[in-house]
Amino acid sequence: MAIVDLVYFGSLREALGRDGERIDPPSHVLTVEDLLNWMSERGEPYRSLLSDHGRIRAAVEREHAGPGDSFFGAQEVALFPPPGAT
Amino acid sequence: MAIVDLVYFGSLREALGRDGERIDPPSHVLTVEDLLNWMSERGEPYRSLLSDHGRIRAAVEREHAGPGDSFFGAQEVALFPPPGAT
Amino acid sequence: MIDVRVQSADFDPGRQLERLRELGRGAVASLLGIAEADGDVTSIVVEHYAAMARVELGRIADEAQGRWPLSGIILIHRHGSFGLGDRILFVGAASSDHQAAAEACAYLARSVRERAPFWRKERLAGGTSRWTERLPSAARQPV
Amino acid sequence: MIDVRVQSADFDPGRQLERLRELGRGAVASLLGIAEADGDVTSIVVEHYAAMARVELGRIADEAQGRWPLSGIILIHRHGSFGLGDRILFVGAASSDHQAAAEACAYLARSVRERAPFWRKERLAGGTSRWTERLPSAARQPV
């Protein structure tokens, strides 16, 4: 798997205390769900914030992605709570 | 039955060539449908214009009324094609 | 707030949105009805039943207010002669609930079209004219 | 005509209605989203995913244009800091068909709320703040 830029938004960004980070996931981490599980295994604060998949949405290359969608080959993956400003 | 002011609108007004007229229907003419039938019996142009009840709507005292609604005691009854300006 | 108007004068849609915005709720839905016609129509005449029009618009607004949690409703229906592109109808609804504002606005617009006592005649280039009767089949009947 | 904008600047809703009216169709439906909050909220901050926001609004507009016969769509979503009553969102759709304009506008507004990558934080009188996460249950979660 290539290097991926993870970007965070909303309450997730604030709780993680950063806008994003560069990650290098192992080759068995293929889908959004795999990614959330792998990140959770890194311990706190990821575990608390990412292990409840129902609270976290993702976008792969600026397009909404479901838990089973692959991010293979993507340069940018975004994680965020359900959006909505109005 | 007392005297009633009939008022016409839209294409019906134009086809009848008048804004309205004062009528004195007999006592058995109680409902909007009775009124349309009684007016149709007066001959042309009423027969052609009023006998197809599906094309004519009515309002009794400025409120929409169906064929079976009574206009007993009303001072003003309006007849017109289905409305809609936009 | 319910404001219902029947008038020949033009209105400013932006001003109406602003009046509804000032009520302080999260959403303002509106529908603007505009004179549109096909082919050789040069202008449109809107006739109305003056004694009934405002009363019927008020009934429609009351019904909407009973069905959705609205903080404001504005209905403005014009009558008279119109060029193509002229404003004829404004329907606006304000609510804290976006969905309620949108649904109420659609209901108000549909009810005005079906029940408000206004009739539409198209003037044609040749000097003739035809009424748009909106029969149940939605067919247009030249008279 | 599809016009999609993501901006911090305010916009004039009346001007947007006028642009849609000038397309010459019979109906313009719109929904204006306004900063509203309960209690001790003093202001609202709207954060966005800049690289995705405009693209996603464009996808939503394309979907609406594929589903309804529209002559024009305008979507404007603001980001930044807002006082209560400030305009945040404008959704507008023009069509010859009143029902199509109203339905498309409701669809656009709902899709923007559910999918456009914007997040809302409320600043409170005491100096604290809370995010409005809009979980699937529609519950609001203080963070």
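Labels A, B, C and D are assigned to the chains in the order they are written; within every chain, residues are numbered from 1.
Just so it is clear, contacts are C-beta pairs under 8 Å (C-beta built on N, C-alpha and C of every residue); 3 or more make two chains touch, one makes a residue touch a chain.
It should be emphasised that the depicted structure is a prediction, and the values quoted were computed from it without experimental measurement.
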item: Partner chains shared by subunit B and subunit D (touch criterion as defined above); value: C
item: Most distant chain from subunit D, judged by the mean position of its C-alpha atoms; value: B
item: Where subunit A and subunit C are represented by their mean Cα positions, the distance between them in whole Å; value: 48
item: Inter-centroid spacing, subunit D versus subunit A (mean Cα positions, whole Å); value: 25
item: Whole-Å gap between the CA centroids of subunit A and subunit B; value: 69
item: In subunit D, residues with contacts to at least two other chains; value: 26-27, 33-34, 98, 113
item: Residue list for subunit B, restricted to those that touch at least two other chains; value: 86
item: Of all residues in subunit A, those that touch subunit D in their complex; value: 7, 9-11, 13-15, 54-55, 59, 62-64, 76, 78, 80-86
item: Sites on subunit D touched by subunit A in the complex; value: 33-34, 46-49, 51-52, 55-56, 77, 79, 88-89, 112-121, 131-136, 141, 143
item: In the complex with subunit C, residue positions of subunit D that touch it; value: 12-15, 17-18, 20-22, 24-36, 84-85, 87, 96, 98-99, 101-103, 105-106, 109-110, 113
